[in-house]
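Going in written order, the chains are labelled A, B, C and D, and every chain counts its residues from 1.
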């Protein structure tokens, strides 16, 4: 147990672009929804943890602009510069420490305002990798190729992930209104970083997500009727140089999920978990992360999909929300996965609800070829 | 303080801060500080459960720099997280590390703050201020401070000489701190006032430098701390307050400084402090400009409103005064932005560890740390040899 | 032979398309069309804010009541800058010296940080009356207020 | 309200990153001797490429330097077809190459486009005539 429960969830609609909304206006929308969901006012919030990355916002200290809308004026706020799920785990630790009774966690990103791939080239070391032009796209291309070489699981398998998540996204009222995507559509889309095609990559998306965490005692005193417990959490990182890594290995994800499962008393995720929301910035990654999360042995992510296990209605649906491929912004994606996992446990996942969810996994990642992983287990 | 378990700083380490470090990459500079902190804590890299990095990446034109630099902080394969909150990044990182250990998730956390501003243009970070408003009326930190200082001087009667004394104290203290960036043992008030005016009334010699540097500290939970460290520096209180986003929102900023007053009040209550000037043994406070230290004296309750000038003139905050402030030389002598708040925390901890050598305040057992950033963001920590 | 220490050069050249959002759009529209400076009043604490924003941070209340303020105001703080900072909008150092002030526009509670036409310290003091000088033609961004002119006492 | 108001913002700022002593020596070896250097971690015994001041996995200073390659085997590769400002005009192929004698892979540019490559293909470095102490003193690796 992490000593924290989730009492409120608020997400904006996720859209390719929100040109008429400034970032504070977008974040305020998610904050008000989360407070409404928790049925509390901002005065009940003790502290705030924000997630944003300066280069994507085009602003130094990009949390300055949201200070007022996240309610951080004259309150503690810490900004985790990375994936939103990591911000949630940190927030849970501050609650578990007994420092705060309630913490509001807010993640935002408007990918439509900046140059995603070029910004990501500034996230690899400037001495040996950036001069070659490495970025999140080419790093994923190298990983996808390595995965295909090792397990013989290629584009035709990944395309099925896009097909599944696009269909799920159409059932999610918050996901961008996108057309259905057949595997054939994916394979027909232009190659962007061989072997990855345009539809293999998560689309640029704008949005914000807010969760409200509380200690069990404070949740009771606030009259929260459906608190969802944050049962386990873990995070870890791989080496930074791609050449120091086996790109098909998932050691960091294994360490992060192992830590979360141990805390949550999960022996076998396939048996003990009823839904997974993972951050698949690229189609092949849903298969690779499924393996890293221990849902199946290495290389068998595609079989799991083939057998319908991870389909909506399967034994262990993965990304019934549509996931990142369905439209979930960088930085926000991991926190949005946690929001979805909480809604699933509460039975409030309109249009995308999985039956009988008691335990759910949320996964977040950032960095080249999934260098950093965060995993959380939530439960009733 | 009602934390789940006690936490202490058991080791500190920092680089020799300088205008420019050509001999190390950002990652290697982080490692230099981390190695010293691990050695001071008599620990190996394996003993570290998690890493917190504090850094303001745009000053070096980076994104997610912790993914590269954490390997320099014994973070390979481990939980790594970066805190970035402007000037308070270092103290907010220090607070984050302490809370992580207090939560029970980790028994040991290594916090490393760093900045390598020589790799960018000093105003690089300032170029990306708020695009709608501040970017059109830019005057950088110095200009913003100068505006508030004109209010502070008019309202509290503070003189340029009194402010210059703060700079003299800082640079002289720094001369006895082997890690400080600017060391001027013989600096005089006259020299400060004769130095070029950057933005009236702020002179060159009373404004903080930009530096390359890193600072690390090792946190441990109570059982580990007692086993590994003779005099752990227990974290007795932490408090943070942020404020509204625009400088014009903050009425009479330096006079009121509501965030620092409120954070100090909360921290003092947690640590059972009622008369800070008498009870505190040493303070490491975050003063980017001389006048700020005087304003912070009042906000921290060291003296009544309008008495800060007397405090510095009477040497109350000198090394031999009642409450030595910034034995390290402070931000006025060393300012690698992401590290500055960690340096304050580490310098307070090493005073309690009795490892201050030429800058040790004898018998220091209760230390105050502050962090300052953006226009009026404030952090406060209180460390003590007494676990409370 | 001392070890040579190399540096790797990199040019950060990035563009953003910042959405002004409804509040700043309304503000810049009024500035451009009518040369009017609009502020927002908090329904709870009644404070009149500049620049515009979705909520009053003290009360966490949405603000919808627009109030014209200025163009005259009172100087609440000032400095004369001698250090040639990089002006982010031009990428060039701003010619020095230049005056800066915190101006409380008539009708506003917060102050507005902006340039002053005065650079002689001898003639600057708190409480002076100042007036916004607009760029002609106005373009609908913060640069439309070029600076504030100190009015003869 | 007509079109939403979009304010463009561009910054152009040069940065100059210290490579540090170890990486500087690695780059000087490329420039002056056309040698690709690795160095060994005394703990895990791996030859790390590019050479570096410490082994992050073992938290150990590296030991003896050794030349690796120049030839090596292609481990994985990708060809980018999108025109991106931080890359030369497409197509641009990046790959990981396991140089003979190395225990880690070197990221670099590969001559040619994806379809013609296979895992394990032997590659050799193509050196630039005018070298400046940069990773790009090697123009690319070619079959």
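The definition used in the following text is that a contact is a pair of C-beta atoms (placed from the backbone, for glycine too) under 8 Å apart; a residue touches a chain by one contact, two chains touch by 3 or more.
Since this is a predicted model, take the numbers as computed values, not measurements.
> Could you run down the chains that neighbour chain A and chain B together?
Expected: C, D.
> Using C-alpha centroids, which chain lies at the maximum separation from chain A?
Using the mean of the C-alpha atoms as each chain's centre, the farthest one from chain A is C.
> Per the contact rule at the top, check every chain pair and give me the one with the most C-beta pairs in contact.
A-B
> If you average the CA atoms of chain B and of chain D, how far apart do the two points sit, in angstrom?
Chain centroid spacing, chain B to chain D, equals 38 Å.
> State, to the nearest whole Å, the distance from the C-alpha centre of chain A to the C-alpha centre of chain D.
It comes to 30 Å between the two C-alpha centres.
> Averaged over CA atoms, how far is the centre of chain B from the centre of chain C? Could you give it in whole Å?
Measuring from centre to centre gives 29 Å for this pair.
> Could you say which residues in chain A touch two or more other chains, in rising order?
19-20, 22, 55, 58, 67-68, 73-74, 115, 118-119, 122, 126-127, 130-131, 239-240 - these are the residues of chain A that touch more than one other chain.
> Which residues belonging to chain B are in contact with no fewer than two other chains?
Each of 22-23, 25, 27, 61, 71, 76-77, 121, 126-129, 131-132, 135, 243-245 in chain B touches at least two other chains.
> Give the residues of chain D touching no fewer than two other chains, as numbers and ranges.
Residues 1, 4, 6-7, 9, 11, 13-21, 23, 56-57, 85, 134 of chain D each touch two or more of the other chains.
> So what shape is it, when you link every pair of chains that touch: line, ring, star, complete or other?
Shape = complete; every chain linked to every other.
> State the interface residues of chain B toward chain C in the complex, per the touch definition above.
Interface residues on chain B, with respect to chain C: 22-23, 61, 121, 123, 126-129, 131-140, 142-144, 146-151, 154, 196-202, 243-249, 251.
> Mind pulling up the chain C residues that touch chain A in the complex?
Touching chain A: residues 8, 10, 12, 14-25, 53-58, 60, 62 of chain C.
> Please output the residues of chain A touching chain B within their complex, sorted ascending.
Counting only chain A, the residues touching chain B are 2-3, 22, 47, 53-56, 58-61, 63-65, 67-68, 72-82, 86, 90, 92-99, 119-120, 122-127, 233-240, 251-252, 255-256, 366-368, 371-372.
> Under the touch definition given earlier, write down the residues of chain A that touch chain C in their complex.
18-25, 28, 41-43, 55, 58, 67-69, 71, 73-74, 110, 112-115, 118-119, 122, 126-127, 130-131
> Quick one: which bits of chain D touch chain A in the complex? Just the residue numbers, please.
Within the complex, chain D contacts chain A at residues 1, 4, 6, 9, 15, 17, 19-20, 23, 48-50, 56-57, 75-82, 84-88, 92, 94-96, 104-109, 113-115, 119, 134-136.
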